[in-house]
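Below is one structure; the comments refer to it alone.
We call the chains A, B and C, going by the order they appear; numbering starts again at 1 in every chain.
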Amino acid sequence: MSNAAPILSLRGVTRRFGGLVAVRDVDLDVVPGTIHGLIGPNGAGKSTAFDLVSGVTPVSAGTIRFDGRDVTHLPVHMRVEAGICRTFQTPRLFEAMTVLETVLTGRHRHARCGFLGSMFSLGAKARDEAQQTEVALRLLALVGLDGEADTTVSGLSYGARRKLEIARALATEPRLLLLDEVASGLNPVETEFVAGIIRRLAAEGMTIVLVEHDMRFIMGLCERVTVLNFGARIADGPPVSVTGDEAVIEAYLGRPRTDATPRREARRQHG
Amino acid sequence: MTFVIQLMSGLAVGCIYGLVAIGFSMIYRAMGLVNFAQADIMMIGAFLGYAILVAAPGIPFWLAIIGAMLGAALLGFVIERVAIRPSVARRADQVYLVLLTLGIGIVLSNGARLIWGADPVVYPTGLTHQTLTLAGYPLPAVYLYIAVVMPALLVGLHLFFTRTWLGLALRAAADDPDTAATMGVRPALATSVSFALASAIGAAAGVLYAPISYVSFDMGVIGVKAFAAAVVGTLGSIPGAVLGGFIIGLGETFGGQLIATEYQDSIAFAIMIGILLLKPTGLLSGARR
Amino acid sequence: MSAAPANAVTPAQSPAQPGRRGRGHRDWIVFAVLMAIAWLLPIWLGGFALYLGCVVAFHAIAALGLQIMVGLAGQLSLGHAAFLGIGAYTTVLLEKNFGLSFPVACLGAVFASALAGLVMAQLVRLSGIYFKIATFGFGIIVHQIISNWVSLTGGTAGVKGVPPISFLGWTATSRLDLFIAEMVALTVVYALLIRLTHGRIGRAFRAIGQNEVAARSIGVPTHRYQIVAITLGCAIAGLGGSFIPHVFRFVSPETFTWHESLLILIMITVGGLGSLAGAVIGAALLVVLPEYLRDFAQYKMLAYGVFLILALVFMPRGIAGVGSSLAERFGRGRRP
């Protein structure tokens, strides 16, 4: 399954914040069309890794390639242009917009109506808007929010906010979708619903990377899992082999922080 | 006007800007808020000093300074409690908080106008007209006070922040509210105290500035250049505020002399914009906060 | 589990759209009502009310510009009066010194303000609060230049003898003519901005204003759009400013102080941040109210300050916000 050239590939990616190393020399390959899990205990550097791939935070060292192209220093919006889009650990939405407007905003780079066009055009703008609205409504239906299209975002439930953020990200038509703790805060029904969406997207050929610390969610979904601890990769492989990995078990259960560091160094070879 | 007089006047004004800028920086550091009312608190401080000098003729100038500082501290404390905290607690947007402090500034300056009138007043103390002679140059006597009070306040602040429990607690609360809370520092207390302290320092600046110029409800505009100072030296940094104060004070004095004194304010802000274009978060941004 | 969203990806039938265009329509209804009042009330009352209408109109235009920058794109400017000033002086100087007709001079004013705005917009790469303070400095610098460049602007004495507005042989001889000219400008700007906010660009502005990181994360080039929003806001201020010499028949630096910047900020805040209607309502309120509280003139600024604080504390979404939540409640009440 890993014969295909990776769609996303990290080499030696490091991020320092002052003296703290949040992500340390991480290598990662994501196979196109797969669901890839990025797990690890709290503070392992998962979200920082997402920030680096999506461009929210610049890397301190290393390279990030997407679809064979070096995107290490591209600004965020150019990475979206290239086909990378993400959600956030705590949904970041446009509170005063309606649900529909939010998804339409995600259509930004696909809609064509320009500055003068927005103000002066008669037919073209209306057609463009109608087209984008149709796409947005379809996406809202996908995430089960089609009944809420005209609700103001600030009035949404937590689960709805998560789903809306997914719909907004999908509106950019990404080839690589990064979902940051997409199941956290959801009830079991919602979680299963979101898992269904993710499977469906993957089946349609989208590549998805999930950051999660809920092991069960990840194990049921992912074809491949990478484990981070203290910013470094400690394991990488199919879920089954990873769950059996001693370093992983220790990272999750043992957590004797003081002696974790030397052992982690010893087990660097995993994956 | 000779170079030495220019230099001394630039340094003196720089001290004033520096003091007001320290107030901005302290509040910014304590609660991430840019307090646009700080300049008006300085103005209120100057009026409090005036009220004290009028009410008790012959009172020593340093007592007027202390009285004004105490009054302003109380005012700052109340403003923080009544107007600012509820909005911060609500996690209001930055735009909103800026507007709120602007509104407080308007109320302060126009409140002062109601109380003390629209016409500028001059301190009824000999200090206003006294001069002292330094190496043959006549200089306003109040420079002496500035030269003493400014370093004294700086040393006092340094000792407060490094030696006293409250000062350490304030720093802890600014850097990491959660840890501070476990130490028993309520973040709310920390912000109130910071506000009171910043107001007191602003008031000192106002009283020290008054004899050089005059006191009026719209003198807050002068204190506004202290923004420029605080920003130039990086918001949140006390040494930066002092450095920025001197840069703006000397820059506008000498720049005004070189170009045209009418453009002094413009020069102050042009210096600020220029420095920000080179160092987008101020000169001391590299240093630890 | 894939059963749930199975039919969802396929376009098929989009769900019915009851009230889909609700918000858009409401904006136009509010537009119609507001403009009807703004046009008719001053003309009907005449006299002093007409003069006030003239003052409201240019303030409303400027406030709309600032609303785009601050309320939508979230770029707080503390120097908006500078751009009114640039517009006012450019207009009057082009008219007086070059004998240009008002529309041409006005175009020049818009262009000059836009250019100055574009220069200021370069500062957006400064982070948040640094940018705000820089805009304040920008306002001070412009004010000092118009106060002191005596040979060009007449300094603090100002410019007198402003020629009347003329356009293709038509000359605005009366105050009513001037009012009509202003209202045409206001109506057109307001309508165009509604169209802008309903489209892709307006949404990008609002996205940046509401959550910059999120906006960037879905591919909005935030810096570019911030610069566009600031330049647009300043250009509109220039348009509003170009009427000032005609309304007051005189122009002096006094009009463009920090207080004017603050006043326009208060207008959009009291009216409702982010609402175009709010900008117009706020402008009307803050021009008209103080005039009818003349006996308390010395309390004017104090009242502004108190007004601002009360508005922020009790109606964070301004008058427009109160209006739209009332409308929502009313609408919901009717629908079962």
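Note that in this section contacts are C-beta pairs under 8 Å (C-beta built on N, C-alpha and C of every residue); 3 or more make two chains touch, one makes a residue touch a chain.
In UniProt terms, the chains line up like this: A = Amino acid/amide ABC transporter ATP-binding protein 1 (HAAT family); B = Amino acid/amide ABC transporter membrane protein 1 (HAAT family); C = Amino acid/amide ABC transporter membrane protein 2 (HAAT family).
Note that this is a predicted model, so its numbers are computed, not measured.
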| task | Using the touch definition from the top, list the chains contacting both subunit A and subunit C. | result | none
| query | Measuring centre to centre, with centres taken as mean CA positions, what chain is farthest from subunit A? | reply | B
| Between subunit A and subunit C, what's the gap in Å when you average each chain's C-alpha atoms? | 39
| field | Rounded Å distance between subunit A and subunit B, as computed from the means of their C-alpha atoms | value | 46
| task | Could you give the separation in Å between the centres of subunit B and subunit C, each centre being the mean of its C-alpha atoms? | result | 33
| If you look at subunit A, which of its residues touch at least two other chains? | none
| query | Can you list the subunit B residues touching subunit C in their complex? | reply | 28, 34, 83, 86-87, 92, 94-96, 98-100, 102-107, 109-111, 113-114, 118, 221, 224, 227-228, 231, 235, 260, 262-263, 265-266, 268-270, 272-273, 276-277, 280-282
| task | Name, in rising order, each residue of subunit C that touches subunit B in their complex. | result | 70, 74, 76, 123, 125-130, 132-134, 136-138, 140-141, 144-145, 147-148, 258, 262, 265-266, 269, 273, 298-299, 301-302, 304-306, 308-309, 312-313, 316
| note | In the complex, the residues of subunit C that touch subunit A are 1-6, 8-9, 11, 14-15, 19-20, 22-23, 192-193, 195-196, 198-204, 206-207, 210-211, 213-222, 228, 274
| What does subunit A use to touch subunit C in their complex? | 54, 56, 75-77, 80-81, 85-86, 88, 92-98, 100-101, 104-109, 111-115, 117-120, 125, 128-129, 132-134, 137-138, 141-144, 146-147, 149-150, 168-169, 171-172, 192-193, 195-197, 199-200, 203-204
